[in-house]
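What follows is a pair of complexes built around chain A, which joins chain B in one and chain C in the other.
For the complex of A and B:
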């Protein structure tokens, strides 16, 4: 798993994709930080992160699209699957590499709270909770991207499908409001990643939300493993 | 026979087919895995609500309930439905979070959530005259009585910053619970028969606090003891000597009176003389404010007075709330404590306020605007409380929203000797950055341009170097 993780993480930086992702992500996060926190001289970072979730929809497919689709196109997947690594190890390695890059981009944005510390007193526990929540949200979306990448052959298809799914998730509140049935609505709300993330922006760090995100990732990683396993025997 | 064996072979082949074995097994494991994940989440969700496995990381701990609330809620011994009206898709997680913490304190509280659009019947049930149930309304219903907390009470909107900057929900919710459990039989009356002003909003305000409101003609009925308080709102005609006698007897029984006298009304010698017997003099003038910081609605007649320390005002002062007065006469104290009557000032104009005296000279303040006199009997027990204010505009719709806490606080203190609930609203706005324009520009350029460009340049170098490998 570590070997796969290292290989994938390095690949982000040997190809332009990692830098393009970082550059665009940091540009938008810098823009939101300036337009929200600096312009209004406020220390509350929740509106900053709320705006940044939209950027995730566009950016995360960039990170995940190549993970499996590229291997399949280059036919290196057969090589990988016959290597002495479990499918779980392969999937986790790839998932963690994308999560690590996403985490790395977040670490760079620590500059913002640091700037705020110079000029004011942001509440660091709230900031940390927001970062945690945002990271978990990102990981959940990455897990979807990994699954999509493993199920498609072309990178572009993977990116477009991931983008559509992530957009659908962003709009899940609106989707759930289309249903009149209370039970259906409740199920949609319960499954809604954005609803769960809302708790973090409201300043509540709850075990159930953290658990939700972790199991969300687990389910999609499991689905990815199953989809690769399926290819083995079909 | 042949066909049958063929069929058997097909079936056998289907069930022994690698794809079927792997496929069905795979579907089963996926379903099982998802089921386990859902189950774990449901269990943790339930435990989390029950034992609050959450950390409140808000700057001002807006979800932390005060000890007062904890005590009040734990004492509830009857079933109370806590009904939250919420439009689906438009929920406020903050209110849910707070209500959940109330529910966790006492199993007699049950949370019910209705959509006022989809379930208008349930909303209709709690509709009161002049009060609608809208999305965000919260109702406490104990089966006999109910209290409605409107969404506008929960957060205060700051028109300057354009945001909700104070979260006042705990104060309002706990006050509603107290009102629900305590005021089952309280009754106040507005006097009639002297050309009194009818202020509908004041009546509604008191009714909304679960106190029954009636109108009584004191000329024919006197001051019946069944009422806990009489309110006299700017009468145009004086009271008769018999009425004053009845009023005095009523007060001596430990009851309460509130008198609001507008300027420009005819003089009421008998009533005014009775008030001066209680140490209160209502002057025939009106206070103008010259302190620009206190003037409201651009008229010096309308201003924010100084609130003096008293059990009625303690919560208002500590919560940094204000009241607003309009066209107020001077209501002065003739003494502080004399003839077993203690007189205290509640509201005062600033030292920059002005009053024109009978000779046309301007006199500078401060002037007392609202006072309360408490009479003590021979055993030094409280025997009647008289509140006098120099304007009935204080109760008017335009100002009553701002003055609500003061109005209800004074009534509750007079009737019940209760001090208003002192739960401070919590600030929702975060602390500010102290940056100059230059700082903002520098850091904006650094974060929008500098950081991303460094990363991209780094990427470009790597890419170029790899190309030339």
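For the complex of A and C:
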């Protein structure tokens, strides 16, 4: 698992993808920070993160698209699947490498709360809750991308499909409002990753929300493993 | 070492591997022959745990590949048909990755150097794999399979796409490795298999149609022996001398040059008439310019086994006594004539090559 994690993480930086992702993500985070927090001189970072989720929808498919699709196309999956590693280890290695790059880009944005600490009095607990929530949200979206990548053979298809799914999730509030049926509404609201994320914006690090995101990732990692196993059996 | 029992693999309705049973002993080099789509790669993919099977069982050193996959996979080094290389890595980084992936517990630098030495890729150590030629990529793939000194090597067409010099090098590497390891090797280059392997399994349409040593395969199916002789002297006189020998079945004559003619002598059963022939010709002062002994090559055996429809009946017939072999003999003379047609075009180069291979 660590071997795969290390290789994938390195691969982000031997190809342009890692730099493109970091460049765009950091550009927009800087832009939002100055346009929202600096312009209005406020220490609340929740609007900053809300805007950044839109960027995630566009950027995370970039990180996850090649994870499995490229392996299948180049037949390098033969190496991984015939090595003494479990499928779980392979999937986790890849998932964690994308999560680590995402986390790495988040760590760089610690500069902003630091700036606010110097010139103001941000509520550190809220900032911490926001960061945790945002990281968990990103991981959930990455787990979807990993699953999509494992189900296709083309990187482009993987990127487009995961982009559409992430967009749909972003709009799930709107989708649930389309239904009048109370139960359907409830299901959509429960599933809504963004709804869960709202709790963090209030500065609350609730166990149920954390568990929700972790189980969300677990479900998609499980689905990824099943989709790889299914291909071996068909 | 490897035990495969009643292995069947279906892709949808298509049966890729059909009730295959065989065993590979420790230290054996097994050749896997078959036309394209015969099920060679599928079988190898199953043994290495890349895909699973529909029914049957596969055990590697006593470990079931489905129940105990990690233990079984530890014992296998696999070189698939397309070497699984990450093109954006250097050779050194790639081999380090595989080293980590296989969780090998021996000294890293020493082992990597040793493996790179074996397949002769030390000089491209720091180059990106995407800039390597096909031959070097194949070797890096082989190096990957060798990492961790697995007891079993499974090589799917290891010499495909290489130039003749590289083919020779890879073959000698494989032979060298085969001294202490169990190797399964697939190929559709027949001289290669007869040169390297101790035992051959011929597979067609997912079924095993023959399994024996290369020599036994060609002998058991040969029935008759053919001698190609080039003799100086009058055509009719020589023919008379030859016909006076025992056990000569038929003689065909073709012009070579001046007073030298080519004779193609078919003998009855498998008797060797070379000595008798030599003394008879010497007595009549008819010098032999060239003599070659043509067995049914593995190639002919392969074609016979894989192109004739009811292939199973064929083998059982050939393994029976000579009476049952009657129909086979006709077949052989057919293929023999084809071979002869080639001969007269290109000299006896083809046969020579096959014989060389047989001798090895």
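Some points to look at:
Following the convention adopted for this analysis, the second predicted complex is superposed on the first by the 234 of 234 C-alpha atoms of A that agree within 3 Å, B and C clash if a C-alpha of one lies under 4 Å from a C-alpha of the other, contacts with A are read in each partner's own complex, and residues count from 1 in each chain.
Methods note: contacts are C-beta pairs under 8 Å (C-beta built on N, C-alpha and C of every residue); 3 or more make two chains touch, one makes a residue touch a chain.
Values in this document were obtained by computation on a predicted structure and should not be read as measured data.
Once chain A of one complex is fitted onto chain A of the other, the partner contacts of A:206 are limited to chain B, with no touch recorded for chain C. After overlaying the two complexes on the shared chain, residue contacts for A:3 are found with chain C alone; chain B is out of touch. Applying the stated contact rule after C-alpha superposition, one finds that A:23 touches chain B and leaves chain C untouched. In the superposition on chain A, contact of A:84 is made with chain C only, not with chain B.
Residue contacts after overlaying the shared chain place A:14 against chain B and chain C alike. One of chain B and chain C touches more residues of chain A, and that partner is B. In the superposition on chain A, chain A positions 14, 233-234 are in contact with chain B in one complex as well as with chain C in the other. Every residue of chain A that touches chain B in the complex is listed here, in rising order: 13-14, 16, 18-20, 22-24, 26-27, 29-31, 33-34, 37-39, 41-44, 108, 111-112, 115-116, 119-123, 125-126, 128-129, 173-174, 176-177, 180, 185, 198-199, 202-208, 211-212, 215, 218-219, 222-223, 226, 229-230, 233-234.
On chain A, the positions that touch chain C within their shared complex are 2-4, 6-7, 10-11, 14-15, 74-86, 232-234. Residues of chain C touching chain A in their complex: 11, 45, 48-52, 69-71, 73-74, 76, 78, 80, 82, 84-89, 93, 97-98, 100-103, 144.
Note for the complex: chain B touches chain A at residues 18-19, 22-23, 26, 29-30, 33-34, 37, 40-41, 44-45, 47-49, 53-59, 62-63, 88-89, 93-94, 97, 118, 429-435, 439-440, 443-444, 446-449, 451-453, 455-456, 458-460, 462-463, 466.
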